[in-house]
Structure formats: C-alpha cells, structure tokens
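Just so it is clear, A, B and C label the chains in written order, and each chain counts residues from 1 on its own.
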Amino acid sequence: MKSKGAIFLAIVVVAFMSACGGGSGDKEKKGKFAPPPKAKPMTYEEAQADWKNQKGRGPITKVELGELDAEMAKKGEDIYVLKCTACHAPDKEKLGPAPTGIFERRTPEWIMNMILNPEEMAMKDPIGRGLLMKYNTVMANQGLTEDDARAVLEYFRTL
Amino acid sequence: MRSLPKILFILGSVLLLGTFLSPIWRITLEAPQYPKGITMYIWINKLGGDEPGTLQNINILNHYVGMKMIEPESIPELKYFPKVIIGMALLGVIFGLINNKKLWITWGIIMIILGILGIYDFYLWEYDYGHNLSDEAAIKVPGQAYQPPLFGSKMLLNFNAISYPYYGSIFIGLSLILSFVASFLKGKQDIN
Amino acid sequence: MRSTTFIFALLITASLFIYSGCGNGNSTGGAMSHSSAAEKVYVAPGEYDQYYEFFSGGFSGQVTVHGLPSGRLLKTIPVFSVDGEKGYGFNEETKPMLMTTYGFVPWDDSHHPKLSQTEGVHDGNFLFINANNTPRIARIDLTTFETTEIIEIPNSGGSHASPYPTQNTEYLVAATRFSVPIPQKDVPIDSYKENFKGTFTFISGGQEPGEMDIAFQILAPGYDYDLAHCGKGVSHGWTFFTSYNVEQANTLKEKNASQYDKDYIAAVNWKKAEEYIAQGKFKEWPSEYYHNYYSDKTHTGTSTKMKGVKVLIPSECPGLVYYLPTPKSPHGVDVSPTGEYIVGNGKLSADLTVHSFEKMLAAIEAKKFDDEIDGIPVLNYDAVHVGTVEMGGLGPLHTEFDGRGHGYTSFFISSEVVKWSLETFEVVDRIPAYYSIGHLSIPGGGSMKPWENGKYLIAMNKITKDRYLPTGPELAHSAQLYDISGDKMELLLDFPTMGEPHYAQGILASKIMDKQVKFFRLEENEHKYKALTEADTKVVRKGKEVHIYGTMIRSHFAPDNIEGIKVGDKVFWHITNLEQDWDVPHGLAVMGANNAELLIMPGQTETLVWEPKAEGVYPFYCTDFCSALHQEMQGYIRVSAENANTKMKWRLGDEAFGE
C-alpha cells in the first residue's frame, strides 16, 4: 500500500522533471540562453562517417520501408515538384543537394526530419549544420505534413 | 543734504517711464490642454502675449462663447495712457525743479486718482468683454459671464483665469512712494 | 514503515527542489524579473522618453520615430513614398520631392537612417536616409521632422551602402548595390564581367540645407557593394565599403555569388580624391540627376535637373582605393569609436574579421599587395588583419559599440546578439533575439561617442512569428530593447515596427527637443499662393484653371461657399492655415478628389488639385479635429455644366464676393 504511494510519488517527480525538460523550448522563447554543452559536439565529418546511426532531430524516430508504394511515390513526386524544385533538382546540385542516391548517405528518419524540421536540423544536427556551412542557407520549411514527407521519401526511393 | 528730497522726487517722476519697459498687468488662462497656460500681458501702450500668436489664440477661444475680439487698435486707452504717463513724468520733473512741497503732494494725489481711474477703466473693459456677448455665440451658458478677475483667480468654464499686476506697476508704486518720501523729507527741512 | 515515510519525505523534497530549480531556470534565463524590466521601460503618462530612435521604414519608404525606452511610436515621417495621411506626394508642394530622372516615383525602399555628425558626434541637426531602389538620399530636418531635400544618385543601380556620413558630415556616401553598365547601355546580361561596373559616390552639402550635390564618383569593379562606414578619429579621411559577388555572377546569385572564400572591403581615401579633383584628374560625365529641395519659407518643393558629374578612375589615381580581403561575403563594415578597428561581418561565416587601420596604413606603405584589380591594389590579408572573434555565432551582419570597449554583433542565422571585447576579441556575453536579427542599434553606437557609454541596444528582427497577437499572413517586424549597461545584457521589451527597419539611430532627446518648430510664422510665409488674412481670400479663373486663395482657422474656411466652377476645370485649392499656435493643424478633404487630403500646419500654405467630373454641389470639410466646432468646419463648392453661365461667386457668412 505504502510502496504503491511511493511509486506514485516517483511518477510525480518524473512528471515534474519532464515538465521542466519539456519547458526548455518555452524557456528559450522567454530569453533563456542555453550555454554551449561542455562535451564537444560531433563534427560533420564524424557524423557523416556514422550516418547509418544519424536519425536527426524532429518528430520522426522510426520509418519502416516496405514494398515500394507507386501511388504514394507519385503523390510524393507531385509534392516535390510543387514545393522543392525551386532549390532542388532531382539529379544534380542546384541551391541544395540532389536527392538521387540519398539513401546511400542518409537514413529515412534523418531525411524526413530534415524536411519537417529544417531550422533545428541546421542549428543542432551535426550533418545539418555542416550542410548549412556548405550551402550557406537554412533550407526553407515548406510546411509539409508527416504524410507529405513520407510520400516525398517514397518518391526518393524511385530515383 | 538739502537737495535730497528734490532729487528723490525727480527720480520718482522719471521712474514712471519704467512702465514702458515692462507690462503693468498679466492675465493667465490655465487649462489641461494648455500645459504652459496662455498668458496675455497688458502694457501701458500695447497688448502682448508669451508668444506672438497669443492674442489670436485667445480670440479664437473667446469667439466660441461670443466674446468680442480683443483688438489693440480699438482700445483708445492704449493711445492716450502713454501720453498721460509722459505728461505726469514731465510735470513731476517741473514740480521737482520748482521744489515746492505742496505741488509735490498735489502731484502724488493726482497720480493716485489717475491710478484708481485706470484700474476702474480696466475693470470696465473686463466687464464689457465678459458680459457683452454675441447672441450668435456657438456656446451659450445661461447666467455665465466671462469677466476675468481684477486681482486673483476665477474659473471661467474650463479655464482658470489668473490676473495680477506685473513688474510695470512696480514703477508706478515706487514713483508714488518716492514722491511722498520726498514730500515728507522736504516738510522736515522746511520746519528746520 | 518508517523507512517508507522517510522515502516519501525525500521524494517530496526532491520534487520541490526540482520544481523550484525549474523556476529558477526561467528567471535566470531572462536574467531579470518581468517587474524590473517593466520598471525600466515604463514612462509615466505625461513624462518623456529619454531618447529619440529613428527607424527606417524599409519597404514603406518612410522613417518612423520611436521613444526609448518605452518603444512608443511618436511619428511617421514620409520620405520616399507618398503618404495620404499627410498629403505628402499628393499636394502640389511636395510632389516635386519625388521627382527623378525616371519621372515621379511614388514609392521606394528606405534603408539606413544616419544622423549628421560634428567632430564624430551626433549633432542633432539632420537625419539622412537612402532609397535603395531608385538611388537617392533624403535629408530630414530635425527642427520640423519633415523631408526637406532629396538628391538622386546617377550611375548607380540600387543604393544600399548609404548614406553613412563622414566625421563632420563633409560627405554622405553611396555605392551601387547592383552593378550595372555605367553609363547605362543596351548590352547582353551575360556580358556582366565585361560591361558592368560599380561606383562609389560622395555627396557634399550635408550640413548646408539646399546645397546637397554630387561631389564626385569613383568607378569601381563590377561587384555588389553592400554597406559602408566612414572612418573617424585616426581613420578620418577614409571610407570603407563592403563588396560581395566578387565572383561577378549575374544569375542565381544566392549560390553563384557565394563561392569564394573572401570578398573585399574597399578602403577609399577621400582626402586623396579631393586632391585629384583639385588637380583636375577627373572625367566629366554628362550624367543627369534630380535635386529636390523643400523650403519652409515658401512651403514649396522645387525640382532641379542637374547635369554632369566628376568621375575618378582608380587606375589613373594611385592611392585612391585599396581592397582588404575579408572572408565570406561581408555585409556590414563597422568602425570602432576610436576609428582604429574596421570590423567585417562575413555574413556566411561563423567568425568576425577585424582589420586594423594602423596595420592597413603600414601595409600600404610597405606595398604588401597580393594582387591588383582594375588598378586597385589588394592588400595582403595577414598584413591588415588584426584579430578574429571566433565562433561568435552564425551569420554575423552588423556591429555597434559601447563606450566601455565592447562590440555588439548581430548574428542572423543563430539569432542572437554577441558582445565581445575590443581588447581580447573574445566573446563576453550573448543573448538570443526573437527572431533572426538583422541590424542592431546602440544610440550613438556608430559614432565616436555612444550616448551614456551605451545604455540600450535595439535589435531589429526579420522574423516575428509568435511574438504578438497573430494578424494574418503578414506580421509587423519586431524590435527588441536590451539593457546593456551592466555586464550581462538584459531583454526589456518587444515592440512592433513599420515596414522592415533596416537600421535605426538614436539620440538623447535633449539634443533635439528644445529646438522644435511649433508653428510657422505667417509673416514669414512666402508661398506664391498664400492668403494671410481673410481679406486676401479670392477665387481667380485663368481659362480652365481656377485658383482658390483660401484660409482656415478655428473653425471655418474662408470662403466656405464657392460657385462658378465648371466640369472640366482644374481647381487649385490653395489654403493657408491662419492659426499661430502649436498643434492646431487643419485638413481639407473634398468629395471625389482623386488624390488625398491636405493636412496644413499653422502658418503653412498647401495646394490640392481637384478636377470635378460631374455637376453638383460638393461638400468639403476639415479632417483634423480642431475644436468644439470642428464638425461645423465645412463648406460647399458648386460645379456647373461646362457650358453653363454660372457666375464666379464666393462667400463666408455675410461677406460675399464675385465677378
């Protein structure tokens, strides 16, 4: 009985901690400057060498790639043409890199996070930061939904 | 010093001319939207304000309640008061040279009478401006007159009107005091 | 049992600790409580702000004046764009102000407000601002807060690095942001490298109203010239311009102009230029440009078409221009208060590059040149570079200074202000900006004497997002006020701004407030169509033109009934405001007018052109609430058929006149 109470309280404590952590975004908004982490952040080169484990930062933690879904890929191509081709060509570098062959250097999760969360990726992800330095600009957030991004990912599989 | 009373009396007469150096009366209108107030100065020979447009601004305000325009050209006193002052100063110098106590006292009494008449005349003007209102005024407040006070302050609708003598009047006062001091000293000399 | 109670207690304590730790995190993050920030920006009703801060209105083309620390908007000054509110660019008197060689230009993009300087200190006489699109510089008189002079800059394509005055406002400067064929000609765009050029322009007459003129221009390689600052103190006599697109790309510049590691800061020795001008070593080009001047005596603007500029060619004038290599497309170039350091803000880099003026002179003396471009020596980087502020952030744009030995740099990409030491070039503090800061301003921080050694810093942010109540797709740009008087910068206030402020400059209120013109004296009015008393009012027909000489005073127009106007007439409505008191403007609006209102200051005369298109009786009225009888301040104007024989008549009350 009492031990159940202890567990309950422990949960409360964890909730407080997570509330505190969850508030960190909010804190930044109100003027908190987070000091740079003591540990040296991974460099672009280090992260690139380890790309198979780099999932980036954002809402996507796991993507299952099954059989190629042609319908979804077509939808993804339409979205890509409408929202991405001002800066990206499918098979050559324009203002940003080409998606052809992207699965040989990026994980599906990383790709979707880059599409969905480009600002944070450019600031905090070691590969994203490296790309910012290379291309001199933060990729525009085109407001894709997760389903849209997933469809674009499917299109990339056809390239 | 035998000539002291004479010097004092002549000095007093000449001091009258000081009224040309500074206004003799000041009327200030205060209201919230005029943080510094609007101040009109009455000189012996002219009307003025703390800014060149003051008289026009007062007239603009006054016209809403139907008061007449204050136009210096239409106030004859501004033309003959300077002559009276210059005349009295001259007369004083002549009386001083004649060196006669009775003449001096007479001069002083004339000055007092003229002063009282002047203030009464000022009051009449104030009364006329304050009461003689146009029937076509945009703002009519039954029973309200806009006569500013002679001395002191008074609320006229949203304005607090404050009226007091100004530095020019000090010259008249000094002049009077000197004439009586001179007469007094002269009287003592004559007895001795 | 006891032990469980103990664990309970421990957990509760721990949770409280964590909770309070969380709260502390917030308050140290803001570095101060809300109430103390509120006190610092609170200006009680009836009290004055301590500073005037002049913001560029960006793509509104205007200037806005705010008070600091409150952030309150005090005034919008129309400069390069028409403004219906004030009738600017609509009334006949101000239309000439917007004349250019391209005709009447009703809009521009205003960028950098700069205060006039005497001995390197803001003197409060004038404010200058540049038009980026159709290159011009305007003067705003700080006794009237009116635009009184605009000069067009010839041989330029977009004027961004402007107006940046010299130490005593001997010159204002400009440089072309977009290189173009100079002089203009019809060539293929692909012939950029061959045909396109840049110019540096020096404009004289900054301290003499009505006397602004193009003193000389210097022809430069066809790069994009971005920003400038003039030397001061030790570096007085020099002006520094940043360049990018040394690649000389003419398409997809966002990529193609960002390829090289280094671009250049051009150092121009303008005292040397004066010598070359005096020696006659210039080319006289027949370039045309407009000079527009507004007089507060005639209350009228006059446009004059000027012709001919003196052009210096660097290859013919040794010692005139040098290039300082500077990493990664430098945006702002800022000169420290003593004039010793020249800070290049490489906008695509993480670092700030600091050059030394002293080293530059030594390098020139020792001829440490790496290259020469169109006769301009490129100085060796190591010979001029004195320090780098490392990893300051990402995307440095602009730097200003306090009087305590610090630079403050805005970082666009990492969205923060970084404070660094002018002695050690080390970062000493940093604070976020919300969001994506462009320019920053410390009152006096670009001069030799920051006011109060630097008390406030204003961030001008490019992105607003969630800072205010949402207002549809377009949001006001946001400024932020920081207190920089202590060791740590503190965010005090957000306030919205107009257009996109591309800079702001502040000055102690006491330097300006006591010399404000409160109204114009009627006896000094020299307007061609003035009517100084109601007895002077009249209506005069000259063929199809009708000139109304009218007046206004609380609360009537004279005349207020006008007849005899005909369809097809062009009515010039000249009105003089007879008031002689502060803060009593009157307006004039007439039904169906195709322009705007007039808003006439006391003692001023303005003219509205009205072309009635149909018969009828049209009301007109005063737009600016002037008195208890303001609503009655109105009149009628009768319009008859073109062939009618209605006599010209006008009246006010019992006073009626006519043909």
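Please note the rule applied: contacts are C-beta pairs under 8 Å (C-beta built on N, C-alpha and C of every residue); 3 or more make two chains touch, one makes a residue touch a chain.
The model shown is predicted, which means the values in this text are computed figures rather than measured ones.
Asks: Starting at subunit A, how many touch steps does it take at minimum to reach subunit B?
Replies: Shortest path length, in steps: 2.
Asks: Write down the chain pair with more C-beta contact pairs when A-C is set against B-C.
Replies: A-C
Asks: Where the CA atoms of subunit A average out and where those of subunit B average out, how many Å apart are those spots?
Replies: From the centre of subunit A to the centre of subunit B is 88 Å.
Asks: So, what's the distance in Å between the C-alpha centres of subunit C and subunit A?
Replies: Subunit A and subunit C have C-alpha centres separated by 40 Å.
Asks: Quick check: how many Å separate the C-alpha centres of subunit B and subunit C?
Replies: So the centroids are 54 Å from each other.
Asks: Which positions in subunit C touch two or more other chains at once?
Replies: Subunit C, residues with two or more chain partners: not present.
Asks: Name, in rising order, each residue of subunit A that touches subunit C in their complex.
Replies: 2-3, 5-6, 9-10, 12-13, 16-17, 19-20, 23, 27-33, 94-95, 122-123, 132-133, 135-138
Asks: Note which residues of subunit C are touching subunit B in the complex, please.
Replies: My answer: residues 519, 521, 553-554, 578-581, 602, 627-629, 632.
Asks: Across the complex, what residues on subunit C touch subunit A?
Replies: 1, 4-5, 7-8, 11-12, 14-15, 18-19, 21-22, 25-26, 28-31, 252, 254-255, 258, 348, 350, 394, 413-414, 416, 430-432, 434, 466, 491
Asks: Could you list, by residue number, the parts of subunit B that touch subunit C in their complex?
Replies: 51-53, 56-57, 60, 64, 138-139
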